[in-house]
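Handing you this structure, nothing more for now.
Chain IDs A, B, C, D, E and F follow the sequence of writing; residue 1 opens each chain.
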Amino acid sequence: MAADRPSGRNADKMRDVSLEPGFAKYAEGSCLARFGDTHVLCTASIEDRVPPFLRNSGSGWVTAEYGMLPRSTHTRTDREAARGKQSGRTQEIQRLIGRSLRAVTDLKAMGERQIKVDCDVLQADGGTRTASITGSFVALHLAFQKLVQLGTLPSVPLIDHVAAVSCGIYKGTPVLDLDYAEDSSAEADANFVLTGRAGIVEIQATAEEDPFGDEPFFEMLKLARAGIAELVDLQKTAIGG
Amino acid sequence: MAADRPSGRNADKMRDVSLEPGFAKYAEGSCLARFGDTHVLCTASIEDRVPPFLRNSGSGWVTAEYGMLPRSTHTRTDREAARGKQSGRTQEIQRLIGRSLRAVTDLKAMGERQIKVDCDVLQADGGTRTASITGSFVALHLAFQKLVQLGTLPSVPLIDHVAAVSCGIYKGTPVLDLDYAEDSSAEADANFVLTGRAGIVEIQATAEEDPFGDEPFFEMLKLARAGIAELVDLQKTAIGG
Amino acid sequence: MAADRPSGRNADKMRDVSLEPGFAKYAEGSCLARFGDTHVLCTASIEDRVPPFLRNSGSGWVTAEYGMLPRSTHTRTDREAARGKQSGRTQEIQRLIGRSLRAVTDLKAMGERQIKVDCDVLQADGGTRTASITGSFVALHLAFQKLVQLGTLPSVPLIDHVAAVSCGIYKGTPVLDLDYAEDSSAEADANFVLTGRAGIVEIQATAEEDPFGDEPFFEMLKLARAGIAELVDLQKTAIGG
Amino acid sequence: MAADRPSGRNADKMRDVSLEPGFAKYAEGSCLARFGDTHVLCTASIEDRVPPFLRNSGSGWVTAEYGMLPRSTHTRTDREAARGKQSGRTQEIQRLIGRSLRAVTDLKAMGERQIKVDCDVLQADGGTRTASITGSFVALHLAFQKLVQLGTLPSVPLIDHVAAVSCGIYKGTPVLDLDYAEDSSAEADANFVLTGRAGIVEIQATAEEDPFGDEPFFEMLKLARAGIAELVDLQKTAIGG
Amino acid sequence: MAADRPSGRNADKMRDVSLEPGFAKYAEGSCLARFGDTHVLCTASIEDRVPPFLRNSGSGWVTAEYGMLPRSTHTRTDREAARGKQSGRTQEIQRLIGRSLRAVTDLKAMGERQIKVDCDVLQADGGTRTASITGSFVALHLAFQKLVQLGTLPSVPLIDHVAAVSCGIYKGTPVLDLDYAEDSSAEADANFVLTGRAGIVEIQATAEEDPFGDEPFFEMLKLARAGIAELVDLQKTAIGG
Amino acid sequence: MAADRPSGRNADKMRDVSLEPGFAKYAEGSCLARFGDTHVLCTASIEDRVPPFLRNSGSGWVTAEYGMLPRSTHTRTDREAARGKQSGRTQEIQRLIGRSLRAVTDLKAMGERQIKVDCDVLQADGGTRTASITGSFVALHLAFQKLVQLGTLPSVPLIDHVAAVSCGIYKGTPVLDLDYAEDSSAEADANFVLTGRAGIVEIQATAEEDPFGDEPFFEMLKLARAGIAELVDLQKTAIGG
């Protein structure tokens, strides 16, 4: 399964991935997710208040925010706080992270509280949203563990793992886990968010130039499944499971 | 292929769709797209200036904006102009519309000009983004036709049709073209943007509650293909082809 | 009373006006107001909450918002939601619409609730604010009728009709109901908001170039009275009265 | 012509008005306009750049901005700079001031430059917009005089005076120049912007409660004419004419 | 102690300073502070509500806002309300004013209420922040006196005077109370906020070009002490003490 | 020189400080500055464009931006990009960092280019602004070194080191380098920005509760000098000098 990738990786080969739990000193849960040169700091903060639409519902909420340090990128990107608003891309990504985490959270069981997950990209080399989701799951799990340790919750209200990986069609070949060099010249780009039991949580597939057919799409889905399995194993180690 | 849908439609049955070209008096191209009770007015406006990153490149651009009238919805939604910003959802949708149209446009052949497509939802009953894409193609085509008629372009620089439809898993069954009643209680929701020759431009599939498996996903893709074929036929009629 | 108007209309001749009630499916009251090629969709939405300054006062409130679709105009206008704020013109118009409606509403009798009227211009050919006021009255009346039908209110709390029309001095002659071609080259422009019993609610008269004298001003007021009488008749038909 | 006014003034009696030229040290033209306890500082600043729509047109522009000091009012008003936007009222007023000044300015003759007039309310007791217009004319005239003294312009490009005054219907009687106590309980409120030769530049008449008839409206117009004549005399003294 | 200053003043000579109490008609306390051509109107407004972090604490709060009239400066400065936000400089200054006033206020003794101080620069010739602090103290004191007169407070809850003055190193010589001509070309600039008993409340010293040594810094501190003593005497007169 | 500090440090003892150069992969210069548990990532980005006021001046510019990760703090802080604006505190800090760096930069010698320094707080335990300045100097120096290596500049255009440290009066005793526990209960807080040759660049001293006298102020200045000397030594090591 050789492929002419800039990194020399095989088509089905992910970058070196590490999930470092407890990276942030103050957060209730945290994880530094590294996918090669893409580094995302994920923190989970527990808040006692839920959004207005859930008040007195007995149900909790998980939400996410995403940001990039201005010089996480090859050339400097404007600081969103200075520009006075978050870009459409930022909002799209943080909505995706939130949805992905809620898909495996038992919102009833977590009680009427909110967990805010922050994903801050320290360094970006492609795949920041998939690294964010994968690392956020660890941060979220650790925060729930803390609530269990404190006796606030009887058990961690997560019904499965969730992780994400990107695939693409690069020089005609479906490949796993695009880095920036591949991402910027791939013919197609697809993000897969899957659970530990291989359920589909979210698929976002986009033709960058020409539309693509079913065959390469199914091939990408297959690559993603294999990648996600590796990531879930790493998550298990990180959360001490 | 019966299904227990609120509308009584079969699983593979779309709502009544109409694409009314030339609805707006002043726009270079326009189309009122109706998918049942979802009505979106799509207009295409030709501008001589391209965005800064394309100046002197000889290449053109197609972009889109999306909005909802405050009372297009069952209960009134705040006006985004009054709130002072577009929501993340709005930005996500307008980016999707723009990407979909560019996927079938020959940007080089259209010359150094920009076409801005506006999709304004007059009435919303689910599926506003897919109606927007489907109607926008007609508006864009008509605007290009006008440039051909004026002798500015030798031919319409569109390499294929593009249309979109949503599918969902409703009470366990994959169904085509969700209306609001289905959308708000579906287990999964997927938007497919496909070309006239059945190439994939964009897939966005989301589990609303439980993750779903491959089988229903492939079933939805199959429903979408059939629906898109119908929509492309309607587009052909609308553009006089 | 001939006048050299672009449209060929006599000085005292309004454009074809239609007030189509119930145009919007979900709003409690709605009206599509057409003054020639100027088309404004007016919807009235009932809300249970009043603004803070009226809480526990027993009194209600009527307010309005106004917007234009980007391509309602001859050349595309920037979308206010994308620019992040409403223009001064927009705010001025929506304040005027709100004041005009409140002038004929018995705020005490309507109870502690709010009606928000949205005026969205689908197509603009001059006189959008006067069409908005005239159509909004119908939408508001229909919304109140619904509250009467539901038994919530004993009767419609409107003490009179209110309608509006513009006049101008065009090539030295006072004329009724300016369209865009006249508006953009008129020497003066005046908007009259009058009641069914001919009381003055609001007069806004502006010299576009040279100041004008009393005589043409009084002449415009006379034209407006006649026009308003026609509009009130159309309103009566639209509200089923 | 007695009237039961809080101030004890006759119905046709203005407050004590003074127009103090040259109040601001740095502005090219300035005037402190005092209408009783309403004090507005008007400054005119000359800029070499015109707005984009006038570039290379040979024509100039006059524009205005308006603001209130937070504690110019009886109870403190929020600072607009801190709230992050100008209210609809502020924008409406500054557009009115600009239109009024342009109505008497020969924009061609002033050359391709812009004069920005700032009206800042130091103390507010009703009628701030009319005091602003009246004082702005003096500031604008002085700024033009400076250009004449410098030899930049051959003569002051103002074709007439412009001044403004409010009238109202207070306890059933038309009265001139409302102060805050009257304004807040008047049945109607009308602002008249007239020229030195009595031409109408702008009329804004609003029923605060009940619509009013022609008779009181004409009476207010008559009061305004007399008041404007007094104000024009004061302007003449202030500009040294 | 001669110095080659543009104004001809000696190095230890302040500009003519006046503190005019009661300048604003409606404010509970006010003072027009003039330092030469720098004129700042300071008003103190009493509010019954404290910020959320102090609710039910029994403690009060003093805060400040700062603004400049657009043409207070030699050339016109953009209006912050029109630009839609306060500059970093504005925020820095108003935070400094608030801190300085709170340093001499017994927040417990003033009760659970807030005083908002507004400092609006009518004319700017250097040293607007120090004039603001010096004048604000007077406005604040007068507002407290009013509460004492009303019997709301037993005594004025101010534990000392606070005043401010700038110093600089101009052409190598430490000088007191910079005006704009000096400020814009000084080698260093230092603002001193001191109490009546010579305690340090705030020191902000900045090298504009080359770093400076201890000696000139101590010299500036000495000049400031003398200046502050004069200002405190003027404050005493202004507050009737 | 014992002191009853929460950390057990002596009054003149700084926290463990490390300056790790080259921490960020893409930036032209970078440094991770750690002052105990306060960790700030400083990056320097070279841009070819200068701000408008310097165009064609031959002179360059150094500017800074500052931000905190939402969960860098003990409890989560709102993300400024999501709130839509930078706080006054943020703006005050980034202006200070920029001024401090420019004080030791030969802007003429650096050529017409701009260096943007970003200081992002990964973890906050007091003293983030002083850590930012100290680390930024290293990042800036490394970026200049890169320009020297490329042959773009003949030598590094920095005329001295600049570093910063905070002091405070804690339980009556002047102490060096406050951590959060001390900072939040100190009687006074002072930031000193000094050069390698001990020149004063900036002093910001603030009484948090009671004003303080000269003696403790001079004592803090002395402590700062000693601390800065240590920091400059660490900077020398970090930049390879």
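The rule we apply is simple: contacts are C-beta pairs under 8 Å (C-beta built on N, C-alpha and C of every residue); 3 or more make two chains touch, one makes a residue touch a chain.
Since the structure is predicted, the reported quantities are computational estimates derived from the model, not experimental observations.
Participant: Which listed pair, C-D, A-F or D-E, shares over half of the residue-numbered contact pairs seen at A-B?
Facilitator: Of the listed options, the interface copy of A-B is C-D.
Participant: Counting residue numbers used by both copies over all numbers at the interface, does the subunit A-subunit F contact come out same (over half shared) or different (under half)?
Facilitator: Same: most residue numbers at the subunit A-subunit F interface appear in both copies.
Participant: For subunit B and subunit C, what's the span in angstrom between their mean Cα positions?
Facilitator: 33
Participant: Taking each chain's centre as its mean C-alpha position, how far apart are subunit E and subunit F in Å?
Facilitator: Roughly 28 Å separates the two chain centres.
Participant: Taking each chain's centre as the mean position of its Cα atoms, how many Å separate subunit C from subunit E?
Facilitator: Once rounded, the distance between the two centres reads 51 Å.
Participant: Residues of subunit D touching 2+ other chains?
Facilitator: 84-85
Participant: Listed in ring order from subunit D, and going the way that reaches subunit E first, which chains are there?
Facilitator: Following the touches around from subunit D to subunit E and onward: D, E, F, A, B, C.
Participant: Under the definition above, what is the set of subunit A residues touching subunit F in their complex?
Facilitator: Those in contact with subunit F are residues 24-27, 30, 37, 41, 43, 45, 47, 65, 67, 69-76, 79-82, 84-86, 90, 116, 118, 120, 122-123.
Participant: Touching residues of subunit C toward subunit D in the complex: what are they?
Facilitator: Within the complex, subunit C touches subunit D at residues 85, 88-89, 91-92, 94-95, 99, 103-104, 160, 190, 194-195, 197-207, 209-214, 217, 221.
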